[in-house]
Structures are given as C-alpha cells and as structure tokens.
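Below you'll find the structures, each written out as structure tokens.
Two complexes follow with chain A in common, the first pairing it with chain B and the second with chain C.
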Partner chain A sequence: MLKKLSLPKIRKLGFKYQLIAPSIIILLIIGLFPLVYTLVVSFQGITMMDNDTSFHGIKNYVAIADDTRFWGALFHTVMFTVIALPIELFLGLFMAQLFIEKLPGRQIFIALLVLPVVVAPIVSGATWSLLLDNRFGPINQIINWFMGEELTLLWTINPTLVYPAIFLAEVWQWTPFMFLLLLAALSAVDKAQLEAAAIDGASYWMIFTKITLPSIWPVMAVAILIRGLDLFRLFDIVWALTKGGPGTMTETISTFTYVKGFQQFETSYTGAVALLIIIILSFVVIGALRKVELSR
Partner chain B sequence: MNAKLKKNFKTGLRLAGAVVLTILFLFPIYWLFMISFKTADEIYAYPPVWWPESLQFSNYAVLFKDGDAATVGNSLIVAGTSTVFAMILGTTCAYSIVRFKTGGDHLANWIISQRMIPPIAIVFPVFILYVWFGLVDTYFGLILLYTAFNLPYVIWMMRGYILDIPISLEHAALVDGYTRWQVLWKVIFPMCRAGLFATAIFTFVFAWNDFIFALVLTRTEVATYTVQVTHYFGGQSNFWGKISAMSVLGTLPIFFIVAFMQKYLVRGISLGAVKG
Partner chain C sequence: MADLRISGLHKYYGSMHAVKGIDLEIPSGEFTVLVGQSGCGKSTLLRTIAGLEEIDQGTVQISGQTVNDLAPKDRDIAMVFQNYALYPYMKIFDNIAFGLRARKVEKTEINKKVDHVSKMLSIDHLLDRYPRQLSGGQLQRVAIGRAIVREARIYLFDEPLSNLDAQLRDEMRGEIKRLHKELGKTMIYVTHDQIEAMTMADRIVLIRDGKIEQQGTPSDLYDRPKTKYVAGFLGSPSMNFITARVVTQGLGYGLILENTAAQLKMPENVSQRIGEYLGSNILIGIRPEHFSLNNESKPEDSGTTIEVSIDLVQPTGARTYVSFKIGQVTAVAELNPRDIRQNESNLTLNVDVNRCVLINKDTEFSI
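And now, the complex of A and B:
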C-alpha cells in the first residue's frame, strides 16, 4: 500500500517537512531553548541583588544538596502523590463498579459526577477554602452537628489538618477522572468470559483478580501515569489553600520553585532547581512510557 | 421471584449509593455557586446560611462595574486563539508523522514527553526570555506559550484520529488529481472532523483553566480569570463574594461545553489511550 505513495512522495520530498516545521520550531523555541538557557543560568550567580553572569561551576547544585527546604518540598510532593493517587484509584474503581451495570438515570449521574474534573484547579482550591473556612464554612458546621459541640477547626493553618484539607480538594477533583477512565475500561471487559467464570463457580474475588484486573490494567496504567505526573506538578490547589504553609509544611516542588524564582528572584538557583526537576522527571517518564502503551 | 426481588434490592442499593456520591461530589460546586448569589451579610453569617433568601446579583454587578469581568474576556482571547493555532499546526504535524513516519518513533515520543515537563520548569526560563523580548503581559506572549504547551497534546491526539482514516481514501484522491495539500484540506480535515472538534475543546479547556503560566506571565493587561480569582485572597479576610462570582463566570462556560462533550470526554482526558 505505502509503496504506491512513494512516487509522489519522491517528487515532493519537502512536503512532510513543510508540515511539521512550524510545530517543531515553536516546540524548540518554547521547549528546547529555555532548557539550554536554564542550563547556562544554573552555572551562574544571578540573584535579585547581583547580576553575576560569571561561571560559578556547580555551586548552585551543591547548594541544592544542602537545602533542606528543597528536599522537604520534594518529600511533600512525593507524599501527595503516593497517598492521593491510591485513594483516587480505589475510590474511582469503586465508583466505576457501582455504575458498570444498568442503573436508572446512569448517564445523568455520570455527567454530573465528572464535573469536578473540568473545574479549574485554582477554582477548586478556592472552593475548598470556602468550604473549609473555620467560621463561615459548612464543613466545620457539619462536624459540629455530629460532635454536638462548638469546634473551630483551622483547616488551612493547623499542622495536623492541612494535609487532610489538601487531600480532600485533590481527591474530590480527580477521583472522577479515575472513575471515568476505569468505567470505560470495565465496559470493555469481555462479558462472556465473566459469565463463564461465574458459572464455573469462581468467586467474585477470583474473577476480579484473574479476569477483570488484567483486562483493565492497560487503561489503569495510563490513568496512573497521567495522574502521577499531574500530582508531581501540584501547584494550584496548594496555592489556593495554604500557599505552602503553615511555614513550609505543604510546600511542593512547584510552589517552592515559584517562590524561589518569582518572589525571592534567586534566578540561577531556580534554574538549577528547574533543571533538576526536569532531569528527575525525564527518567520517570522514559521509564513509565516503556511500560505503558499510551496509544497503539 | 425471590431472585428478582434480590436483584431489585441490589439495584435500589446501588441507586442509593449513586445518589449519595453525586450529592457529595456536587456539594462543593453548589456551595461555590450559591455563595456568589448571597449578600455579604449572608456570606459572613455564623452559623453559615445553607441557601440564600433570594438570588442577589450584587457580587456580579461589582465585577462588571470594576471591569474585573474583562479577565474572562482575556481568558477567551488567549484560550481561543491559541486553540486555533495549536489545532492547525498540530494536525498538519500529526498528519506528517502518521503518513510519512517523519522523524520515526523518536520524534513522536519526544513530542509527548514535552507535555510531561512540569509547567513551573517551563515557565521560569520562558519568563526570562519574555522579559528580554518585552512579551510579559501581552496577548501574543501568552498565546504563544499556550500554543506551544498544547501542541504536543494536539499532535498526539490527532495522530490517533488520523490513524483511523483508511489510506485508500487518500489514494483515490491522489488518483483524482488532488495535490498533497488538497488531500490534507479536503480529505483529512473533513474526515477527522469529530476528532478535531473534541481535541480543540480540550485544548481550549487546558488554556482556559491554566493558572501558573498566566500567574507568571501576566500583570494587569492580559490577566486571565484564574489569576483574577486569586487577587481577592487577602491575608486574614478573603472577598468571598468576588471569589465565588469570578469563579462562576469562569466555570459556567466550561460546564456548558462539557455537557455537549460527554461522548469525547474519555478519549480526551486519557490522552487518547481509551477510545471510549
């Protein structure tokens, strides 16, 4: 088939390059040039006070190694990812199981349940700071009804409550994402196979682990990859709820970089941090893409 | 009979579960919308008021009077324009990658990996680049960045849709004397119309909902609605009325779009991995 195309292809050798040229140029301007620039800057000594472009070697990278605030931010980011991701996954799977069979009004429920996914993350952060407000928010009010006493829980200030507050917003927004993907995956599981197994007397758990899970795994892996990378760049929800506080307790890699680069103007240092993030993530992405079949 | 009863009971239980879940997931959205229609007295009432006495539009009136509502217009301009650019450039690029295997697997993988770099790592050097060229707080600057950021997504998605088009159609068109460009415009684009539409919507939503790029690259002139929302956060006292009204102005259009998009939602948010 493709052989037949080869004649016009030779005549217009440039055509395929004409098609990709604009995209590649833009990606190089916005993707590659900044990368190179970041690399250069990270070896200099530019700060708010001092526009020092002389070569400083790996000074900034050594400083990162000693910066407990950076490692704290990295640790928080990993924490958010490894805790929120399984919660969203299991909750999403549970919800998908609930909706897999016929149910009156199924389409309407699904249409309503996915709404949180399309809300801007900064807006969902703002929404949750409304909900969790210690005095005017409804959540403390509900807790008071159940406890039968006046409690004023400072969700975004109290060190033991900030993490639950962020998880609430995060899980609320993205569980429907997992739900939608897993529902699609579950719908594609071979019904005949499930029925045959049930007739043979296989238990629910057996059927789930031996037939359902292997069949939905490719989609699940993609969902985990997408959400995992999103969580790693977590910024908006944290920014709206705590701005990384109290102190630096909930600071993520992204909020840390923002503060360093755009509030403290530690340009060279931020360059080193940004580059380090890209390097760490590149390894994760390359490894993950090998395992996950993203598209055919 | 007994089996049927049991089945009905199970369905009832599932229905109850579905209702409870839907209420839980929609309550935050209800609260956000409801607050925007409250008076200041109702917003700052203790204990909180669960539904307003009457629908007040004063929070919205203030936004329009102060001109803050124009930030929604900014969102529309930058998200809309960048979507058009990203769609045209991305689709032609995807076509080249699919039909001519341009760049092989490496180019396709490099492009999708671009999508996965955290925005903060992109925006930091881009900001410095923009300062040099005077592009901070300009429509052009923001549109360029959104176009670039969305390109990998468009290329990746359209690659999937173009793969679905049978190559024999192109053969027929070429035999009929179409030029290569005509094949692209008159065969490929119309054939993947649904895919173009769905991908464009998601591209639009990404730009519309973005916060971090706009936060760094805008000041006052082209601030988008997401940036404007955060302007009402202030130390101890937040302007809840403005926050909620601004959020609703930005969220409502997205809800409308998504209502018409149910069919494409799964494929769109799963980067094309699930055909849905």
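And now, the complex of A and C:
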C-alpha cells in the first residue's frame, strides 16, 4: 500500500484513490504508526535514566524470556480468562434462558440486570473495593452476622481471598453483557423449530443441544471472543482492588505493562512486552475467527 | 370410534377470545379440513390439539383419553408447520430421524423407516443435504416426511402449502391426498384456501370468528350452505347475492330481482319454503356456474331467464367469466367460451333455480 502511494505514482492513480486517500492516511497514522513506533522502541534501550536510542538488537526480548514476573503475569491473565470466561458464559446463558420466558416485569429486570455493564470498570472496581473493605464494607458485616463472630476477611490482601474477590467483581460486571447478547440470540431462535421438536418428542436437553445451541452459536462465539479479549486485557478491576498484589499474585499482563512502563519507566522493555502480547493475541484471534467461520 | 373429540373449547389471548366454544368430533381415518379466513381461530384450534397452546376451558380427547394436560410429545400426534420448521443445522436424514431418535427407536429401524418414507415422498436423493440447499417444494416434502415417519395417531397440517407457488401447490395437494389414501390415518388440515378445502377434504369444518359456522362434506357445504357466510366463502368466483321480493306466481311463488323487471319462477319444492316471506325481501344466491346461456328460447325456460348487458368478459381458457349488472349488483356468470360471440353486448341467461340458495336477509341463515 505504502509503495503504491509514492509520489511519482500518485498522479497516475485514479480519482477514486485520491478520494479515499485522506481517510486511509489518517487510519495509518492512528493505527499503524504507534505499532511501528513500539516496534522501533522495543529494539532500543530507553529507560528513565537513559534516553538511549541506539540499536540494542533483541536484548529486551531476551530479557523477557528470563523475567519470571512477566511469565507470572501472563499466567495470571490466562488463568483469569479461562476461569472467568466460562463462568460468565454459563451464568449469562442460564439467565438468558430464564428471561426468555414471559415473566411479569421482565423488561424492568432486564434493565436492572444490564446496569453493571454501564458502570465504568474502574468505578466498579473501586466500588467493590469498598464493598469488600474489612472495616466499612457491608459484605464482611453480613458474613459476620451469619457466622455470629467477628471474622477478619482481608479480601484484597489475603492470598486465598484475593482471587475470589477479583472474580466476583469481574463476573458481576460482565455477566450481564453475555446475558444481553445471548438473550437476543435466544429470542431469534425459530419458535416453530422448538415446537416441532417438542412434538417430535425431544427432551429439554435434546432440544437445547440440537436446536437452540447450534442456532445461537454464531452469536455465542462472537461473545466469547469479545469477552476473551477483554479478559486478556483485564486492568481496571484488578488495579482498583489489589494493584496486582499481594506481591505480584494478581498481576495481569496489563497491570504489569503499566507498572513497567509508567512507574518504572522501562520504556523499551515495555515496548517489547506490548508487542509480544499483540503477537500472541493476533494468533488467538485469527484462530478463533477461523473456528467461527468454519462453524457456519 | 372418534379419534379426536373436542368439547366446549375456549381459548383466550389476554382479552382476545380466539376460540369461542368449539365442539368437534373427528372419526378415525378421516381427512378433515379446518377452513376460514385468517384470524378466525383455526390455527389456534389446531395448536390446542397439538398441545402447543394451553386450553382455557373445555376438553380435548384423543382416542378417548383427555389430553388437556399432556405435553405435545405424549399426545401421539405429528405436525407439519407452515414454514416447515426444519432443523437447519441437521441434514435431511437427521431431520427426518430426529423424532425417532428422540423416542429411542433402534438404529436399524430408524434407517429402514427413513428410507421407506423418503422413497415414498421421492426425497431419497436429498438425505445428505442441508435444508438450506433445498427448494420450497422439497422442503415441504421433508417436513411431511418428518411427520409421517413417526407413526402417530393424528397428523396435523398447519397451512403447509401457503408458502409454495401455485403450480407446486396443486401438485402437493394431490400428493397429500394420495398420502392420506395410502396411510389411512386421521389427518387434520388447516387452510384459508377454500380450493384446498374443497379438493382435499372428506369433511370441511368452516370456522368463523372462533366458532364453527358449518361442518360436513364438501358438497354439503357447497350445495347446501347453512348461512350466507358459508355460501359466499366456498366457490370461486364466489356466489352472487341478489336481493329479491317474494311474490305469488301461478300456483306457487316467484322472486322479483331488486331494481329490475326480471322475475324468476321458483320450483315447487322451493315455493313451499318461501311462502312465509311473501311480500318481503330475501336474498337469492346464484353461483356463477348456475347461469347458462339461453340460445333458443324453449317454453320450459319461461320464468327462469334474465336479460343482462355485458360489463366485462374474462376468458380463462376452459371457462369464460362474464360480469354484468343485475339492478345495482355486479354479478358473474361462468359460461362456455364457445357460447360467447365477439362484440355481443346483451345476453339472455338461464338461471338454474333448483340450485339457487335462498337466504333470510335479516338472520343470514338459508331458508
């Protein structure tokens, strides 16, 4: 593309290319330039102390391979994704199945259920941090009532409680998103097919797996992809609740990159990390899209 | 024994009273057509039989057993849907086999049955395809195949042909009728198309506004309609209704058609019935085919002919439809095309007074 736009050729290009040129250029500046710049930076040695723009080869990438904190963060990220994603999916699907039936006040409940999606993640993280607070939080208070004794549950510090706390906030915020998409998909399933299957003598489970599931699958696959990518970039909720702690126990790729880039100012190293993540995710997305395409 | 007995059936959708007290008995092996305009409740009635709609009042019995609270799958019925409702993610074989698999039929038995049914409907070459690869007519055959592969007691058809084009519809109509003959099963067929009803039914149940208007054999309803609605609903083009005054004529009675000088002499058996209406207006219903051209006036025709001036001639090939005015009313006659001469503007028509329908103008019941 860039080659085609070199100056001598530009005059020969048709009017149509001249027309779309401005928007293409803007897209390239916004979309491609930062990527290229990151790539360039990742081969340099810029840190807070040293503005070293000389070529350092793959030094930063080699450093990543040895950085246990990076691999830890990647592991946490993958773990959050593979645990939270199925929970959100099944909860969302279950709720959508419930709300597909005609219930009194259905519209109001759906509107209420979808509210968490509207809240900014950093705000919901902060809210959960208050809810789970040991001294002021209502959650511990309620647990204490039920247990009948004073328990000190340090949700954001205790290593065994910190994961449940993050999952709680994450699932609370994003299950409604799954719910909404799957509800829309479920209501688009052809009623006559379900009726035909009911007359054919199919059990609820058979109808669900053979008719409902295949027809909502395209939407479900996209929902899984969107949420999967979101979870892989998980930042706000973790940052608000634990800042990656205790220690680096809940550090995700995003919080790790942020700490490296904007607290420790290891700029070139961060560039290498970011680029590596982009490459990993690109493979995941391409693979996933191919799966979705094939299922049609 | 009756396969299906419905008594006092009511169905409401919110405040909408869709089925208003239907009593119906359908004997074993009969092909019954529920016919009526869209929104008359015929599909709702079928769906309550299938168990897809709950019943608000009354009972539905299938072979003597009350099925009000039974799930559709436990009612021993099979159904063909208007939009086919095939399972799009399954091959045709799996579509047909679905009901058998759901009922845990043995695999070799399934293969045998699907094979038999698909041959019967000549869709055996399509078994490996998906529904989206089939044409409308083929889809309809598969939908029928899916229903008949299960040996149910009652087969329900919900306007199965309404998505097909005219030619295919004619073909499938014959096919379904042949199938009924072959299988000898009880079939209930819903349609808004009176031609489908007339051609296919052993018995027609004409439904109007949630109630049964009349039921009987096609010829019962066609030749002896109980109400003006039935008379007008069946037949295409539909029956001509003309207001007429009852007068004495000779020893019997005659009818003077409104706004004309034409007077029709009623035969003796009809005269007996209209005596009480002497001097008042009634409706006379004449089907288009009950007009015929009066080529040479014969004495026995006297008193049963009318003079008309032609409005419009519509040839269809086999028959020609001629529109004309009787008083203020536009009427249609179905005539032999060879009888109509070019540029003819006036005709003398015989009226087959023996086959006319006479209707009380106030109650709209036939006399």
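Miscellaneous remarks
Throughout what follows, the second predicted complex is superposed on the first by the 268 of 296 C-alpha atoms of A that agree within 3 Å, B and C clash if a C-alpha of one lies under 4 Å from a C-alpha of the other, contacts with A are read in each partner's own complex, and residues count from 1 in each chain.
Criterion: a contact is a pair of C-beta atoms (placed from the backbone, for glycine too) under 8 Å apart; a residue touches a chain by one contact, two chains touch by 3 or more.
Just so it is clear, the structure is predicted and the values come from calculations on it, not from any experiment.
Chain A has more of its residues touched by B than by the other of chain B and chain C. In the overlay built on the shared chain, the residue A:Ile157 is in contact with neither chain B nor chain C.
Once the two complexes are laid over each other on the shared chain, residue contacts for A:Val222 go to chain B alone; chain C is not touched. In the overlay built on the shared chain, the residue A:Ile199 is in contact with chain C alone; chain B does not reach it. Using the contact criterion defined above for the overlaid structures, shared-chain residue A:Ser124 touches chain B, although it does not reach chain C. When the shared chain is aligned, no partner comes close enough to touch A:Met48: not chain B, not chain C.
With both structures placed on the common chain, the touch criterion links A:Tyr17 to chain B but leaves chain C unconnected.
Of the two partner chains, chain C is the only one touched by A:Asp190; chain B is not. Comparing the two interfaces of chain A, the one with chain B and the one with chain C have no residue in common. Against chain A, the residues of chain B that register as touching in their complex are 11, 14-15, 17-18, 21-22, 25-26, 28-29, 31-32, 35, 43-48, 50, 89-90, 92-93, 95-97, 99-100, 102-103, 107, 109, 111-114, 116-122, 124-129, 144-145, 147-149, 151-152, 155-156, 159-160, 163, 167-168, 170-171, 174, 180, 184, 205, 208-212, 215-216, 226, 229-230, 233, 238, 240, 243-244, 247, 250-251, 254-255, 258-259, 262, 265-266, 269-274, 276. Note for the complex: chain A touches chain B at residues 1-2, 4-5, 8-9, 12, 15-17, 19-20, 22-24, 26-27, 29-31, 33-35, 37-38, 41, 95, 98-99, 101-105, 107, 109-124, 126-131, 135-138, 141, 172, 175-177, 180-181, 184-185, 218-219, 222-223, 226, 229, 232-233, 235-236, 239-240, 253-254, 257-258, 261-262, 267, 270-271, 274-275, 277-278, 281-282, 285-286, 289, 293-296. Interface residues of chain A, counted against chain C in their complex, comprise 190, 192-193, 195-203, 206, 210-211, 214-215.
Residues 50-52, 71-73, 77-79, 81-83, 85-90, 98-99, 102-103, 146, 150 of chain C are the ones that touch chain A when the two sit in their complex.
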